[in-house]
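One chain, chain A, links the two complexes that follow: it is found with chain B in the first and with chain C in the second.
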Partner chain A sequence: MFRLDKDNPTLRLIVRYMVLTLIALIFVTPILFMMMSSLKPDQQLLADTSSIRAFLPIGDISFDNYKAAFERAPIGMFMLNSLLVTGVTVVLGLLVCSMAGFSFVFLNWRGKSIAFSIILATLIVPFETIAIPMLLMVSKLPWLGLDGFSWGWLNSYRVQIIPFIADGLTIFLFAQYFKDLPKELIEASRIEGCSWWQVYWRVVMPLSGPIIATAAILKFLAMYNQYLWPIMVTQQEQYRPVLVGLQYFFQLNTAWGEVMAYLTIITVPVLAFYLALQRAFIASIASTGVKG
Partner chain B sequence: MKITKNLALTLLSAGALGSAFVSTCAFAKTDLSLWYHGAGNKVEAKVINQIVNDFNRSQSDWNVVLESFPQGSYNDSVVAAALANNLPDILDVDGPVMPNWAWAGYLRPLLIDKNKIADFLPGVKGYWDGKLYSIGLWDSAVAMVTRRSTLNEVGARIPTIDSPWTEEEFNGVLKKLKATGKYDYPLDLGMAESGEWFPYAFSPFLQSFGGDLIDRSTYKTAEGTLNGPEAIAFGEWWQSLFVNGYAPGNSQDPADHETGLLEGKYAMQWYGNWAALKTLNKFGDDALFLPAPDFGHGPKIGAASWQFGVSAASKHPQGASDFIEFALQDKYLAAFSDSLGVIPPTQSAATLTTNYRQGGALSVFYVLSKAQALVRPVTPGYIVEAKVFEKALADIADGADVADTLDSAADEINADIEKNRGYSR
Partner chain C sequence: MKKNSILTRHNTTGWLFASPGFGLMLLFIVIPFILAIAFSLTNQRLMSPNAAEFVGLENYTNMLDVGILVVDPEIDASGNILVDKNGDNKYPRLRKFTRNNPDYPNVQGMKEWFSFSWGVQKIAIMASDLVFMKALVNTLTFVAFVAPIQGALALILALLINQPLRGIQIFRSIYFMPVVVSIVVVSLLWRFIYDGQNGLLNSVLNTLTFGHFKAVDWLGNQDTALGSIMAMSIWQAVGFHMIIWLSGLQTISPTLYEAAKIEGASPWQTFRYVTWPGLRNTAVLVVIVITMQAFSLFAQIDVMTSGGPLDSTQTIVYQAVERGYGKQDISGGSAMSVVLFLLVLSISLLQRYLTREKN
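Take a look at the complex of A and B:
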């Protein structure tokens, strides 16, 4: 029998674990439902939704939905497109936004405060409000590529990448993080003869693991989940990303098992990326000790 | 000697190149881009690809290049392409949306021989402003789906096209079915669906009561049609379905909508021909596809599905129209019908199909389409009217005051018409 006072460590531990388990269940059950449903035929899937069976691999289990999903849509191509667009945008975005953040925090230049305020203001502008002006703009922009000079960026990877490399939130996150770095470290580097580029690349960035991981995760999710912009700018199947591909599965009679199989497949990179960076995030904090 | 040899070689090369150029020109075809909403539907893709391939082989002027889009994002893609001046030559358009796209300048009238579509069901002909802008290769219809044994059990008369249920009879059937206690609900209206389903499936009830989304004589106001006495009578009847527990409301589980009738949770279902085959497979001869009830102004069902049109941006409208005319052959209409279960638009195509030929399992839908179909309001403002109507019906189902809700809906539609200067060209 446990004593019900607040000093009982065993009871506190049990309560803590119960709360944590409950929270974990809230997050895990939708994913579990998706994965289990992807293994069931539609009739069973729909019948199971109202019971605990929805979360269990029981009944008529098979990988038929996965096979059918691959037959219905070019999933590999959609995945490749999304990973390419997301990967390039994240890498370039981290570079550009961190440099912008560095400039706002450590360099002195005329109009810095106004420029930073304008960038902050972009955080409250929903993308939907600027989508059409952006569409009109990119449809008329010039491009010099391997196949020569052309007008208009529609139906390309660049139209899905370049407009999203720099964004207000990532710049803001980097700037806020850089503000908390020890000023003495920067000053010492300058006194030792480092150029601003060297300060940025050799001093500041190695100390910025946590914010790089955080910004990467946020940007990855935003890019991987792109839907509105791709349907506006990619009329050719060869450039479509995964979320537009999801629409391939919604017909008059929706094949829910295939939908769940497709969702399971496209969720894997997100989970993998998050888990990979989660480790980097923790390791970065442990190794730098700056934020302690 | 060497110079002569080189000259001869040069002339030979030039001759060969010239010949190749002429030969290439002789076989050069002009590309026509075609956008289609069926990405992800393998069966549909097979038929449309067959038509494209047959057309490309049948003549030497045009080469149609197909690009398929997923249906859920198709309209957004087209509107975005129109803004970016990037429309294709040929595109398909949902029937009720066509007037908006024609009004917005996305479409141009078709250049096809009208005699070739004289026998087509009225619902598949996309006329607006007196001009033919689009033509469908199939139509769809809804019916009251149930089982003969279900109706016999409560002693209900089985209605026919000539003698559909009256409002009183229909309500009586619902009451009796409810009283059996065997079903979660007597009727599944498909409230789990959203979007175009509401105006497509439910505005015919309103029209049968004598109301409408808009005054079709002018298309300038919804006052009196969407909030007049007939519309209010419809709204009160609509609300009674949910108050009396005859139909599941807005929170209906989509899974129940998919399987409820088949599993015996619902006694009847108001649903379309595209889902009819699974009902037939489950119930066989016991399955019934009944006409819409007559609420006083004749039984009505919706009409007009996806149709083909030519973009206003096309530099080759004749070639684009030629392709559409080519696609109107009975064999293709029948192929779509057999593959997708849709209704062929001509009797001659119907006779080629498995399900819609005389005595075919789904032939009743062709008859229903011919006898009861009423296209949704043929106006550019329809796309707003549809959304306003959907919200009003959902609110009324949730218990909102009928008169107030329909008044607000009519005001909203009128405000949109005014904002767009009457949708005049």
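Take a look at the complex of A and C:
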């Protein structure tokens, strides 16, 4: 076999593609199964698992499961909550983290190196190790809102947003990128009389498209997929994100079609986003590897 | 200190730019981290009318204490060892030793973790928090399997898609796809795949073996539950590390490969002497990242098994949440979090040491 392999380039190519395709099937079939099952009534869904039909949209196909899922849980509200929390965190996070990165690279100030070491050190603290004390902390934090002063952040959007705006990895990625920008450009703009804010906003940020895309994608994925924190801080349904809304479907071992429909609803936006921006997604993951 | 001369210093501007990000990180990472250590030394609860008190290391000893109990078999009046109907030696109930027995203060309140025979005696290892001990062992087992297997599979995939083939990007995109699907979604999907009665996996195995495969309740069986969760976790995350390996592979100069080819190196020699040395830094990063993720195992457990069956899938984070949030015992949950952090830290340091640059 191996000899044949070596001698016959066409056969060798075919074998290579076959291996690649078999592996691709392992990754794609569960997702395909989820989507196809969401279109089938439960009885057919279960019967189909024993044949290739499990992965094909054939038989009694309809969107009934979606209708039933929307009736069972306020999915639209959960989705809006997720998009709101994720969107606001990503936008504020990019602003705050790029400003910090800018300060670390272009400005000299007392305590800078200690501050940067602290930021690097946070990279090895898993969120799971600080979640429990933070739960107590946020339950006692003050807040001044439109409706006056209050204590405690539980059951709100802010408790899902504010703690996650700044993160070490994003600051680090911005700093890495800014380091490679030509210093002369910054000096020239300063000599021409730009304020530091103008240098940041008008000169540096417009040159930072690739890193903004990278950081946005990484932060989007992390935020949209948050689970541990929102289950602890959103007892009230009106603030829950989509993944916590899944709990409506946990015990539905009999209504798998509905479960699959809800899973598909959660997954399709991210998957579409990914397929449209594959290159940027993969580049953003690759850039986290540069720090080694 | 020319760099710090007054002309190039921008203390105010520097602070103004850095403080929103740095301040938030202090407030929401550094302070909770310090609080975790502080709370773990008290009896702090989530809601309590009483102020918390300092209790020293009590939370840690309650959690980690183990004791050894050597039990003599029961003997009858004439000194013969009593045996049960299976022919095994009969031993007194351990409860006798752990409940208010002044002769055995070291195992007071503990439960049997596991035991083995030593001659005629039975040696029982006792733990004061049996569930946490199981969680600790399960988490370490999960890390010990997932970190090397996922790292190696990711490298194999990276080598496969680093080939100059037409359409290779399509395969790269497909292998990466599960990474963008939430682990919570994946867990619920795989609960159906692993289902004992109608599950996809049993059906597929049954079809492939022409009906010879006996259906397994993958998540309901304590021998297969943790392994099933491992397999699924690797399936979901392997594409992420594949991309990191790939970016490492692409930093290796093509001239090195050409040189190896001219020297007539076999594929294995090329990998061993050209590829692998070039991946050292990537390897450290991949292993540390996978280890950190593996130690944080929570969502899969919460969605798929809730720690069961018979605590065979309990994990440290799941226990910490059950304590800190479920039972509102912030101090107990914090102590578990500190233990988790120390494990992550020591394993990261160990890996860094083992994979250090040798000159």
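Definition applied: the second predicted complex is superposed on the first by the 232 of 292 C-alpha atoms of A that agree within 3 Å, B and C clash if a C-alpha of one lies under 4 Å from a C-alpha of the other, contacts with A are read in each partner's own complex, and residues count from 1 in each chain.
Everything that follows uses one rule, which is that a contact is a pair of C-beta atoms (placed from the backbone, for glycine too) under 8 Å apart; a residue touches a chain by one contact, two chains touch by 3 or more.
Note that the coordinates shown come from a computational prediction; the quantities given were computed from them, not determined experimentally.
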Touched partner set for A:Leu154, first chain B, second chain C, both or neither: first
Residues of chain A touched, compared between chain B and chain C (which is higher): C
Partner chain in contact with A:Glu237 - chain B first, chain C second, else both or neither: first
First, second, both or neither for A:Leu135, with chain B first and chain C second: both
Touched partner set for A:Val19, first chain B, second chain C, both or neither: second
Touched partner set for A:Trp196, first chain B, second chain C, both or neither: second
Touching partner for A:Gln43 - first (chain B), second (chain C), both, neither: first
Touched partner set for A:Ile31, first chain B, second chain C, both or neither: second
Which of chain B and chain C A:Ile165 touches, first, second, both or neither: second
First (chain B), second (chain C), both or neither touched by A:Leu83: neither
Shared chain A surface residues [contacts with chain B and with chain C]: 46, 49-50, 132, 135-136, 139, 227-228, 231-232, 249-250, 253
Parts of chain A lying in touch with chain B, wherever the complex brings them together: 42-43, 46-47, 49-50, 71-73, 132, 135-136, 139, 152, 154, 227-228, 231-233, 235-237, 244-245, 247-253
Touch list for chain A against partner chain C, complex: 13, 16-17, 19-21, 23-24, 26-28, 30-31, 33-34, 46, 49-51, 54, 96-97, 99-100, 102-104, 107-110, 112, 115, 118-119, 122, 124-137, 139, 162-168, 171, 196, 200, 221, 224-225, 227-228, 231-232, 243, 246, 249-250, 253, 256, 259-260, 263, 266-267, 270-271, 273-275, 278, 281-282, 285-292
Interfacial residue positions of chain C with respect to chain A in the complex: 3-4, 8-11, 13-15, 17-18, 20-33, 35-36, 38-39, 44, 46, 157, 160-161, 163, 165, 168-169, 171-186, 188-190, 192-193, 195, 198-200, 203-204, 206-207, 235, 239-240, 243-248, 281-282, 284-286, 288, 292, 295-296, 298-299, 302-303, 317, 320-321, 323-325, 330, 333-334, 336-338, 340-341, 344-345, 348
Chain A contact footprint on chain B (complex, rising order): 35, 39-42, 67-73, 76-77, 80-81, 83-86, 88, 253, 255, 258-259, 263, 272, 274-275, 278
